[in-house]
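Here's a structure for you.
Residue numbering begins at 1 within each chain, and the chains themselves are lettered A, B, C, D, E and F in the order written.
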């Protein structure tokens, strides 16, 4: 039987693969306002979903980058682009994912994502 | 110098990998209303973007499925899930992509995508 | 000093230009559930905004069709396409507006809008 | 130390308040495709978030109805309207929440939500 | 028979409950560009909808906060969080509303809302 | 038979009508990251869609402004408001388009668009 501590441990394992042992987004205003929120996110996003079998972490990372670009979530996009580079996904592959966003979410979504990415991928 | 016929040829090559030689969505009302639109889409979506180097078609397919799920575009999602299966992506991998959508676009987006997928992936 | 009855009268004048004297969407389930909502909509959408000077009704109609297509609001899109035809905007112009939606909201938004439009514009 | 079974138990307690002991949405195609997804949802949506202190279940229900209406998630909206009625929120209060959606997400979002609600609230 | 001045008076009454007699957002660039827009908003948002019976102002405020968080409208979210505090809703309740947004609009929407809220709720 | 160079030439013709011979958004970070993306956009957005017959450029410009306002794409909105002024659309007409956005995408979308527009339309 897995307990919440296990969810947290499992989630932290994924987080460490993406961003090293330093927790991501450490200085967000949201973290001072609602510190327990980020523990819950580690448990359910990374401990429940990302750590499931049947899909490799590389594919999970590409799909996350694609979704964040389509949804215009630029802060998380930057964090996950950095994570994708840490997993060995190349800068060129990531630029292609962002460019292709133009087809499904429109050109402004792709430009917005590429602008955000320039900080991380230069 | 590449001409528009080349864009169309290149685009049709990608379309054939995804859905065979039968054009996808052949009976949409939109195709009777604006038949030239779908020629343009083949040229720019598949001829300009999907046929670019630097990212394999398998990754493009996963990212497209992920984006369509996040954006709630269920008709295109069904078509691209079928295309993904044709590329050799497994049913189990696709279900994981759709489940993980809950983290980035919310639970209702994931449920909606999984409901649409049930037709294609059962 | 204009009173609410005036807002309603002014709004109904615009509604009549778009859809004749028969109120639009007369049989929606929403109208049985919240009949007063539609009186408020006539007052503020058509009485406050559409009846303002500085922009002709034809341009307001085109912009509304464009926004409803981009936002994926197919029921209202159908109603406003019918209204646009009543104002003398052509079928061909409306198809162009919907096709161009692919650039700003993505191809699936345009296909979705063209599918909805096929009922009204055939 | 709380374990996952506890999350599930806590989540099911909230689910029972909203919809009785019969699990909601029992016959969705998504549930045949990805049955484990709904266990995860019970754990994190209802076990992690809804069962937290500091906000009463009635307010959580109203806020959920408001968000689902704004986001156009009509299937979940219907389920949560039924849940809200079970909590003692009145039909009249719920109609007001949906009408007010017009201000923040636009009139088509409100009409869409009211149409979906007519099935549940008549 | 109620006239537009009455709508404005009624609307201003709600505005005063939320933000005192100082009009909210007094220095927005939009207000210099389109000053009459804000008079219309006071009339229809606050005079037509918020001042209706059947739902208390506290519940309207919570639902508005929830919708603005889900839709990513951070400027209005900040204004309505301040308004909610003025109505007596607690900081802790508001943080719960924003955290729960993760379930229905995704984790990035919740983080974004909590980041915006940190300015107002610290 | 039209070739890609023709698409580019045709696209640049539309771009010049909107923004003169200086390419729009010349200094975006995205342009340093993915310079070829903007060539593709000129080809398909302006060469394939905007240069089609059946709808005049003025109407295309108004519809684009309307969609960008509804979708919250403020960077592109500013660029297209400047383009619209160059085509002879008046400041007053553009303000009306943005105000009316409140009806279909909600008041916060309209305020957001008017705030962005204040830079360009003052």
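Throughout what follows, contacts are C-beta pairs under 8 Å (C-beta built on N, C-alpha and C of every residue); 3 or more make two chains touch, one makes a residue touch a chain.
Everything numeric in this text was worked out from a predicted model, so none of it was measured.
Where touching is counted per the definition, the chains common to chain B and chain E are A, C, D, F. Using the contact threshold fixed earlier, the set of chains in contact with both chain C and chain E is A, B, D, F.
Chain pair with the larger contact count among C-D and D-F is C-D, by C-beta pairs in contact.
Taking the mean of C-alpha positions as each chain's centre, the chain lying farthest from the centre of chain D is F. Shared numbers divided by all numbers used gives the overlap of an interface; between chain E and chain F this overlap falls below half, so the copies present different residues. With centres defined by CA atoms alone, the chain at the far end from chain C is A. The distance from the centre of chain A to the centre of chain B, with each centre set as the mean of the Cα atoms, comes to 22 Å.
Inter-chain spacing, taken between the CA centroids of chain B and chain F, is 27 Å. Averaging Cα coordinates per chain places chain A and chain E 31 Å apart. The set of chain E residues touching two or more other chains comprises 40, 44-45, 49, 68, 71-73, 76, 95, 99, 102-109. Looking at the complex, you find that chain C touches chain A at residues 102-109. Only residues 72, 95, 98-99, 102, 106-112, 114-115, 117-119, 121-122 of chain B touch chain D when the two sit together in their complex.
The part of chain D that touches chain E in the complex is made up of residues 44-45, 49-50, 52, 54-55, 59-60, 62-71, 73, 76, 90, 92-93, 95-97, 99-105. Taken together, the chain F residues at the contact with chain A in this complex read 25, 28-30, 32-34, 37, 40-41, 45, 68, 71-73, 75-76. Against chain B, the residues of chain F that register as touching in their complex are 1-7, 40, 43-44, 48-49.
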